[in-house]
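What follows is a single structure, written as structure tokens, with notes after it.
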Amino acid sequence: MQLGMVGLGRMGGNIVRRLLRAGHRAVVYDHNPAAVAALVEAGATGAASLEDFVSRLDLPRAVWVMLPAGAPTEDTVNGLAALMQAGDVVIDGGNSFYKDDIRRAAHLREKGLHYVDVGTSGGVWGLERGYCMMIGGAKEAVDRLDPIFATLAPGLGDVPRTPGREGRDPRAEQGYIHAGPSGAGHFVKMIHNGIEYGLMQAYAEGFDILRHANSPDLPEAQRFELDLGDIAEVWRRGSVVSSWLLDLTAAALAGDEHLDAFTGHVADSGEGRWTLNAAIEEAVPAHVLAAALFARYRSRETASFADKLLSAMRKGFGGHQEPK
Amino acid sequence: MQLGMVGLGRMGGNIVRRLLRAGHRAVVYDHNPAAVAALVEAGATGAASLEDFVSRLDLPRAVWVMLPAGAPTEDTVNGLAALMQAGDVVIDGGNSFYKDDIRRAAHLREKGLHYVDVGTSGGVWGLERGYCMMIGGAKEAVDRLDPIFATLAPGLGDVPRTPGREGRDPRAEQGYIHAGPSGAGHFVKMIHNGIEYGLMQAYAEGFDILRHANSPDLPEAQRFELDLGDIAEVWRRGSVVSSWLLDLTAAALAGDEHLDAFTGHVADSGEGRWTLNAAIEEAVPAHVLAAALFARYRSRETASFADKLLSAMRKGFGGHQEPK
Amino acid sequence: MQLGMVGLGRMGGNIVRRLLRAGHRAVVYDHNPAAVAALVEAGATGAASLEDFVSRLDLPRAVWVMLPAGAPTEDTVNGLAALMQAGDVVIDGGNSFYKDDIRRAAHLREKGLHYVDVGTSGGVWGLERGYCMMIGGAKEAVDRLDPIFATLAPGLGDVPRTPGREGRDPRAEQGYIHAGPSGAGHFVKMIHNGIEYGLMQAYAEGFDILRHANSPDLPEAQRFELDLGDIAEVWRRGSVVSSWLLDLTAAALAGDEHLDAFTGHVADSGEGRWTLNAAIEEAVPAHVLAAALFARYRSRETASFADKLLSAMRKGFGGHQEPK
Amino acid sequence: MQLGMVGLGRMGGNIVRRLLRAGHRAVVYDHNPAAVAALVEAGATGAASLEDFVSRLDLPRAVWVMLPAGAPTEDTVNGLAALMQAGDVVIDGGNSFYKDDIRRAAHLREKGLHYVDVGTSGGVWGLERGYCMMIGGAKEAVDRLDPIFATLAPGLGDVPRTPGREGRDPRAEQGYIHAGPSGAGHFVKMIHNGIEYGLMQAYAEGFDILRHANSPDLPEAQRFELDLGDIAEVWRRGSVVSSWLLDLTAAALAGDEHLDAFTGHVADSGEGRWTLNAAIEEAVPAHVLAAALFARYRSRETASFADKLLSAMRKGFGGHQEPK
């Protein structure tokens, strides 16, 4: 079927490519004409403006917006809404906050437009592996877009089937789900990222302990010089902690066991924060997810005011000097 | 080659079976004669006592002890040491504390005996999938046992090879490593379990937030009824959080989405605790691994004294009554 | 000077009493006529309606609203704003969210009205001890209200003066500060409560460890039967952990060492949650404040879904049964 | 009464001074003759060697050892034990690990010697404020030393009496307790320090959030420039978070609001670690105490391996570059 794509960065561009390869048609727009040209070369139809873009789409239109969350997505959704008509669908495939989805969907609904939010995981690997998608929106709209989702999804692949799923929604094991009404897709994707932070931090702490197993603070007979690359590798086969993140860890350590290429300043994105806000709002304990987020915050500080205050108190009650 | 096995529980028994299937020979002993008989039927040579067992082994002997950590292992290792002779190897394949390994190895070394500690992951799945093994001990002894380890390990299987490992120790990608001197095997296995706790808790918290997405405390327009089984399933394909633990989660939720079969009292074993002790000793921050352990402690309490004290303080300063 | 008070619950009523005792005048209103009558008996002027209340106040008016945060405060502030005139001041002495203060202040400013937010700590003890107050708003309005704040504050009391404060704002050591523009008062009070949660949890965990010092899981020679009431008492004199919360702990344990009167279900209020939201928004690590909040969440659950999922995974990979 | 003191550092020296001022007699020894001379000048009897020291003490002897935990204390206790006789008492007033106390007490008991462990809080302030003491040992020995403890303790002072303590052990409100058998004193002191870490971290996080309330990441209308010194000061009067640690915080911030004198490298001592080990051993959740310890560990690292691994994984799955 035909899909319009606004935003031809790495994600948007690759989604279009994967669709074209499977025989779908695409109309594309980006404010960078070179990005448009590159996809025209790959078989898409280019547009010169948002108006031009909308005019080239078959009715009812399906437009995928793949832009940074916040103002870029908001402005484009509003711009599209002004140009589109009842029955059309706007898909937000970016990393929007789910409460923004809920608000926008209500706004578009007034005009008879559908708003579908798609959380995608898989990032740079999606063109080849396919995109794991969590979708929110009205059933009618989501069902109509199914050919698109089925193409983008990874499919069964060589992942063994889960016993006991007979009779359940077959889309999940193809790699996409209709999670619920508008907002549900990004909500589920948000939690995915929150979990991701926790998993990453669990590995990071464990490998940090392994690395310090030769610490001079330990009794000499209890020190070990461990090969972290081999440890990551061995755990990939038959252990309880095997995972894709461990695969990536093994690859990183195989190339640079000390990870000297990194400073250790770790970014965080909205989803990790929003996951924690959701936990707070639902009154669900989330010790690990919170700790994982805070570790990233701390990674970007050099001299923490909190720590200075600890030193100041220690000096106050005990005359303690700071360690060198 | 020939291996002696003491302790024919699920783990010990299956290890012997996997060896026998591959053409190795086994002498087995357990204080439960029925366990011995079952393996004799599978092709092993049975022994009636520890003395009998030792006498049936070729020189230099290789004896694998597969018993609960603590006194059972300690007593058996000591009993074997008294019966064995220089050049023999005792393998502790259980879940011993690595400092006990270091102590025992030094003790056996005085008698010319080798002590090899093997941490294994894979549990009940090992017979078919193979055992992921982390091995500590002298190079001479570990190398001599290589045919055993190579048979027990999972092998390359269908796990993709890690780029950049060319020229590195090939055992790691077969699923076993020689981690270092005695104690190193159980040390690495211990950290494996510590990470396992952290990973599990990350998933548990994330799914808990998903489950409470329909909480009546939330604004009605922001509630979602999510299908947790489908979410676990979809994340298995192409997402960043795919892992074996997620596979197990998907299977559990496919069969019983509310997990009503469980009370939520979660056991912990030595390794999770020891991992934290190691982090403390090395001065490595381990927020996530600690939180994961404490969550298990808390799961087994019904009315925590700590919480009662919070209530008492709240009553003291604000006259607050407890919520119902 | 004259102050109007809307909301004559425990807090509002006692504030009026403390003002009357010091010679100030008060006009009071509550939708419960009995509450009004009780304060008229104490010397206040009663009002029968919000209109009546506003009409009885000298110009420029000063009205303190002491109502639950959220709709009750919002509606009353809006109602007052409609009846008051340029130069008047509305004081929100409740526990409003600081972003609501900022919004309301901007709204009232359009009409020439001042909005002053006052966070108060001291609760039920304030009538006698005085109220510790953190104040946000325009300098002009806060200065005009100074006689009120000076009377309500605890004053120097017998708390030793802090060395090095010579030449600094003298109000702080009287027990009140002008923290900044509208919202700043409640912001500072919010963080006060966040810290309070952390302090309480630190004591709670410590006393919990003391209480379990006789755990049958410990080696018998390493168990202690400790008198927690005496421990809390002794720490009140000369120790580093002395505090008012410890005083309350000592009193609670003196009366009921096992705290059997409590179930251990611990409530949390907005401020603890908002503190965490603020930390997330500012990218400040707040491990302890988060853990303290989550401990309260957990205290109110009986069988956590997160814990059940841990049990399900353990069964999946190891065949483990739950502990009894 | 007469007390012998070995170890005349700041703590040991001040304890002797406080005793001398109250009319007690002291025999003192230190391997630094200048330290001995200074106390001789203050009225103590000096000794030239451990043998000389022991010979100058009245029977039954009472010897207080005030040395660093570990080897210095261990060696001195053993040296004394060899020189002393049945009925004598050795007091360890340092920061020994309670399991060492239990072991030493058993050892000394074989020779008829008493071993009393005294955990003291109050540090540099003890000479004037008195020492808060937690004491472990046999009743007979602790009772015999009561005149010493009563003098060293802070006494009732101006701390209000706790309601409900009528009829309970009066020593607690004088500032010392007999906590239990040998080891109990240091156990209770250890938990005191664990709590201290948690309290300090709660303040540190709260003030860190206050300090970042003007973060450029926040919407401009929601930023505050707060005076942290005034906030600490105001909370000292009538607020729920008032404490001695807050007094010290107020003093530190009054002198240097930005705490520029500190690097923020925060030491930790044995007690904080041992508290966590005890929690682990007792299976008591201690999220806050653990987080407080780990924050100190993290404060002393510049580029954490754990954080580098997070960056490496992010690069692996998303091609993400580190933030600057």
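By letter and in written order, the chains are A, B, C and D; residue numbering begins at 1 in each of them.
To be clear about the criterion, a contact is a pair of C-beta atoms (placed from the backbone, for glycine too) under 8 Å apart; a residue touches a chain by one contact, two chains touch by 3 or more.
Since the structure is predicted, the reported quantities are computational estimates derived from the model, not experimental observations.
Under the contact definition stated at the top, the chains bordering both subunit B and subunit D are A, C. Its C-alpha atoms superposed on subunit D, subunit A is turned by 180 degrees; the angle is given in steps of 5. The interface with the greater count of contacting C-beta pairs, when B-C is set against A-C, is B-C. A centroid comparison over C-alpha atoms places B as the chain most distant from subunit C. One simple way to say how far apart two chains are is to compare their mean CA positions; for subunit B and subunit C this gives 47 Å. Taking each chain's centre as the average of its CA atoms, subunit A and subunit B sit 31 Å apart. In whole angstrom, the spacing between the mean C-alpha positions of subunit A and subunit C is 39. Chain contacts: subunit D has residues 123, 125, 201, 203, 205, 208, 212, 240, 244-245, 251, 281, 283-287, 291, 294-295, 298, 300, 304, 306, 317 touching two or more partner chains. Subunit D makes touch with subunit C in their complex at residues 98-99, 102, 106, 121-123, 125-126, 129-134, 153-160, 162-165, 168-169, 171-177, 179-181, 183-184, 187-188, 191-199, 201-203, 205-206, 208-210, 212-213, 215, 217-218, 221-222, 224-227, 229-231, 233-247, 250-251, 254-255, 275, 278-279, 281-289, 291-292, 294-295. Remark: subunit C residues 10, 123-125, 200-201, 203-205, 207-208, 211-212, 244-245, 248-249, 251-253, 256, 259, 261-267, 287, 291, 295-296, 298-300, 302-320, 322-324 touch subunit B in the complex. For subunit C in complex with subunit A, the residues that touch the partner chain are 240, 268, 273, 276-277, 280-281, 283-287, 290-291, 293-295, 297-298, 300-301, 304, 306, 317.
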